[in-house]
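Two complexes, one shared chain (chain A), two partners (chain B, chain C).
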Partner chain A sequence: MGSAKIANGRRYPLRLSKIERQDALVGFLFIAPFIILYLIFNFVPILQGFWISLHNWDVIGTNIKFVGLRNYEILFGKDKLFWSSLEHTLFFAVLAGPGLIITGLALALMLNQRVRGIGIFRTVFYMPNILSVTVVGLVFARVFAPGERGFVNAILDSLGISMGSWFLDEASAMPTIAITKVWWSVGFNMLIFLAGLQDIPQALYDAAKVDGGGRWALFRHVTLPGLRRPMLFVIVLQVIASVQVFPLIDVLTGGGPAGSTRPLVMYLFERSFDYWQLGYGSAIAFVLFVFLFSISIFQLWFFSRGEVD
Partner chain B sequence: MRKFATVITVLLLVMLLGAPTLAQDSMTLTVMRFFGDCVDTFGDVTDLSGTTSECGIITTLTNIWNAENPDVQVETIVADWPGTTQLNAAIAAGTPPDIAVLHGRRIPIYASRGALTPLSDVMEAVGIDASDFTEGAADYGIYQGEFYGVPFDLAATIWHINLDLWAEAGLVDDMGAPMLPTSPEDFVAAAEQVYGATGKPIAEMAGQAGTVRPLTAFIFQLGGALSDDAGNPTVNTPEALEALNYILELQSFGAITRPYNEINNAIAVENFANGESAGLIDGTWRINGFDRQIAEGDVALENYYVADFPQLFEFPGTFAGSHNWLVPLGQNADPARVQAAAEFIKWLSDNSVVWARVGHGMTRSSVINSEEFQNLPHRLEYASMSSNVRSVPREVWGNAFWAIVHEEVEAAILGIKTPEVALADAQARLDDFILFQS
Partner chain C sequence: MEAVPSIERLSMRQAQSQRQQTRRSFFIIAAMTLFAFVWLVPIVWTLSLSFRPEHSITANLTLLLPLPFTAENYDFVFSSSRIPRWFVNSLIVASLRTFLQLMICSLAAYSFARVKFPFRQYIFYFVLIGLMVPGQATFIPVYLLFSNLKLLNSFPALILPGLASPFAVFLLVQFFKGIPIELEEAARLDGASRIGVYFRIFLPLSTPVLTALAIFTFLGTWNEYLWPLVAATDPDIMTITIGLNNLTATTYQANYGQTMAAAWTAGLPIVIFFFIFQKRIISGIQISSGIK
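Right after this comes the complex of A and B.
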């Protein structure tokens, strides 16, 4: 009987016994419904999307013509809007991502206290996360409205600072969207970090204190390492969500002014549904998929280096 | 056993043969439209008196049709504006509605793909007189000489005017009408006069009302065109550059409109209603809303006048969209369903004067000349609008043109691009769009 050596040095037989095979079969049967649904509703559409990307393909399913890799050639070769949309997307991710993570962590640290009524604060900070994108959009369109109508401008006016429309200025539009995104979504990250903080054994803090560790040392050598997995989870999710941003920008600026906040997914939507170029839109979608998949794998590898179970 | 089988066979045959007859006796047509959902308020209403909103009117008209036509019932599917996403999904899934409403500029791309049913013959069959449409309006429903849509209205860009502020500036004549400018110089002079007297801009322009709509209007007025002889889009032209430079001049002047990056459309509308601007360039769809606000007394605006979009150059010409009813059942649709759909569309068209209460222009001469239409508020003030409108060329790129040119003109207004670069980029993007059609 052959055997294989695994990491801890023990040898396990390659062939399974009858009981083990039966157990494995039961296991496969349990996950089979998920695998089947995943294949039908996720994997097949991905393949179908790639197939469509090799065609000229109207959104209503007409005018279908095989063009091979032409859509990708145009995309990488001469489509300035694709690159500018990618640039806007990454700019948004850079603006919103750190804010979402650092603010989420800061809120979690503040709310990880045993104080009467702390649940109310946790609920309040999480609450924006349950609002729909339309509600958030309408609220912040008003908060950052031009002139005295806008809450922020009214305050600035009283301080003698004059601002136009935050969303109609090329320089301020994307940062304002990022601020809106942080306000809206930070509650989720806070919750994940809070759960992570409560999993860190108090004994570690006590031991560190006995060793003379101050607040910063406790945070750096106990809290942060203890939050490694929640941090990985949050970062991977935030990067994916930031790169996929669309509805919030659609509601707040529609990609304007002059296309200066158009993210990649909005561009994909425009080409597919407004211009009827579903083939080209699918090519953008496939590139986006590969990009996100690669980044996620890199992040998983990067954060799991040196990790010991 | 044989007897039983014979009876069953005969019964099945009777059912099969009878089925089409039964189906013809009663039919349900599906109508996919935007204009909102107001079933809670108008679900059972069949009295049109006093109804002035788009949603209220179309819902009530449908209710009346259903009450009067028990054999051809109409079921409404409310789509989100502009109605294309749901319609595209329905067509792609092979389950299109019998009737849909779309903006006229979107018709060519659907018609070119065979997704729409040609309507010229059936319009004639049900009594829709194509010659009754005004010349400008008929264009919106036509693609390559064939009607694919029945133009229901003209939603044009017009000039909303606060007469009190114009009077303050001495720009109202003895008849109580505003003294409208007829040249670029006049326009600037009038703006200076109004701004000097009131400190308020004469023609606030925001969003598309400050970009693609005035650009196309001024191109038309300068004698330019939006397409070449082959039907390809042309926006990088001397007329377009002159029009864009003029728009930039208007935007930077200060007395015409507040800076583009300080207002959006909602704020421009609020400004006008609150008496903070002497004029507003926006659509016919605002008229009823302003009249209602004035009647309710909750705005500063009191004496309200509606003028055509200013004609400042040689030729008349202004932007208008047009809501069109169409039959998205394809080229080989069931003639009975198409006929029934056309009859419902004819009924809507015959009652379109009610739709005019919203403020929209009408497409049929007989309606425009009717007493009921003439008696609607402000109609005589912008009477020439229906004949001044110019359609976007009836080409597959009509809708793409709108979005692309808006964005590039906006870039020029905000100083992100020079006018020359903005127009060149717009042309390149349109050429790219055409590339995908081949």
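Right after this comes the complex of A and C.
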């Protein structure tokens, strides 16, 4: 690259032939619109965000003061709301993650059969995934409405079981959010697992059957190992999505009751756009970035390693 | 050593295993039907709420059929709220972003895949870093940028930040590399320019992957939450996803029929969109996840 061979075989670096010059020009022209937008909206904001996080950046006044790493000191040292929002985020991940993976896998296993018309079920389970978070929020606010105006409560009541307060009770709010999340997005995991299942060669099952493997043995020794890649893919995506959770909780509980479901991104949002402390908000955003970036690096490392063997 | 089983035994065993198979599929279908019913209930129930008068809802809350049927709630939603306007806003933002993103990213991808230019590999790695940058990490500086330009509450603010998608470039580069080089060389010998090759060979040959990307960008933009929440605070410029949230935070809340009519005005077009493109959406997910 960037060198031209001449008759006697010597290389003159950076002296390009006419065609190469033309190619270089065309190449840069073609990537220019992308690169410019990428720099403005993806790359530079990361650096800028870090720079802002080193300031007291009060957007309302012109009060901008360099404070070094002070925001991070406060954040990690004495901000209880930061730690509690981190806790809520983790709680959400622990509740929703296994639910999404186990349900997704179970649905995929059931759908991976040669039965006519089974595609309809795939459609049904995936469909909620395309609805916007606001629609899901409005629907589930009614499904789990407290008192007798909620669908689930009305059913429970007619069965003689006591009604719940769901999103309005500190103990049940997060689990109810997790149930909503499973309903909303399990279809995606199901599709990934389904694609993985269809890639496991039938010959492996046949061989295991000849060896006298039962249904459970087949699942443990053929199906699960065969799903290694989709499983890791789903887990990594789930972790990333859980760390970023905000819209769903915002529409369902707004972080309540009494801030008991406020996740990290909501806290970042409130600090930045309710209290207009953009410096402090940027510090939270940068912590989030470092965390998610590390997960992605791990993912990249794992999947590129998988390609070698 | 076991004796070789007789033919009758074998066919008996086969018949038995077939019976077992049938019983198993029957059981699976039954279980799936039950699950599917549970999955559909929230949608069916709220959809029929949107078509029922409020007094009937109060009398019989859990009815899954839209009886007695009325379109009043939709009438109310269309005449007394900004929903039609938000709907059009969403349509404009999602369509423009989808179209521009595909053009910009596919052009860059073609260049990365086929044109030799200095530092190509390094620039490509630099773009790949973007795959690992979450939107929450960038939205404060981007907000300040639009605020300084006095461009908050405008279509450019809603459209521009999503245009440079590293994921789209990455996926398209993979795809473009698989297009035979001979096709391009032949066209070049016939005097086609680079841009001609891109338009007449690469774009037509990558329709499946472009369609999948287009669908995802469109749905993703339509459903986007965090950015429009800060960028569009003026009710006239809101997208439907944000507007709906705003609307229901106020007076609507108590009226089930009207709230659900508002929700499904936003949701139904997307559901219909899904049914039209479901094959492509499903295969698109499996392609872009890299599992298949």
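The rule is simple: the second predicted complex is superposed on the first by the 247 of 309 C-alpha atoms of A that agree within 3 Å, B and C clash if a C-alpha of one lies under 4 Å from a C-alpha of the other, contacts with A are read in each partner's own complex, and residues count from 1 in each chain.
One rule holds in what follows: a residue touches a chain if its C-beta (ideal position, glycine included) is under 8 Å from a C-beta of that chain, and two chains touch if they have at least 3 such contacts.
All values reported here derive from a predicted model rather than from experimental measurement.
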### Task
Examine A:Leu37 and indicate which partner it touches, taking first as chain B and second as chain C; both and neither are also allowed.
second
### Message
After the superposition on A, what does A:His221 contact: first (chain B), second (chain C), both or neither?
### Response
neither
### Task
With the two complexes superposed on chain A, say which partner A:Gly147 touches: chain B (first), chain C (second), both, or neither.
first
### Message
Is A:Phe273 touching anything from chain B or chain C once the two structures are fitted on A? First, second, both or neither.
### Response
both
### chain A residues touched - chain C or chain B, whichever exceeds
C
### Query
Is A:Lys209 contacted by the first partner chain B, the second partner chain C, both or neither?
neither
### Query
Once the shared chain is lined up, is A:Met127 touching chain B (first), chain C (second), both, or neither of them?
second
### Message
For A:Ile192, using the defined touch cut-off, is the partner it touches chain B, chain C, both, or neither? Pick first, second, both or neither.
### Response
second
## Note on the structure
chain A residues contacting chain B in one complex and chain C in the other 59, 149, 273
### Task
Over in the complex, which chain A residues touch chain C? Could you list them?
1-2, 20, 23-28, 30-31, 33-35, 37-38, 40-46, 48-49, 52, 59, 107, 110-111, 113, 115, 118, 120-128, 130-135, 137-140, 142-143, 148-149, 151, 154-155, 183, 188, 191-192, 194-196, 198-199, 229-230, 233, 240, 244, 246-247, 250-251, 265, 268-269, 272-273, 278, 281-282, 285-286, 288-289, 292-293, 296-297, 300, 303
### Message
If we count contacts the way the header does, which residues on chain C are in touch with chain A in the complex?
### Response
25, 28-29, 31-32, 35-36, 39-43, 45-46, 49, 61-62, 104-105, 107-108, 110-112, 115-118, 120, 123, 126-127, 129-134, 136-142, 144-145, 147, 160-161, 163-164, 166, 169, 194, 198, 219, 222-223, 225-226, 229-230, 240-242, 244-245, 248, 256, 259-260, 262-264, 266-267, 270-271, 273-275, 278, 281-282, 285-286, 289-292
### Summary
The residues of chain B that touch chain A in their complex are 84-85, 88, 91-92, 109-110, 113-115, 259-264, 267, 270, 399-400, 403, 407-408, 410-411, 414, 416-417, 429, 432-433, 436
### Query
In their complex, what parts of chain A are in touch with chain B?
56, 58-63, 79, 81, 145-147, 149, 164-165, 167-170, 256-260, 270, 273-277, 280
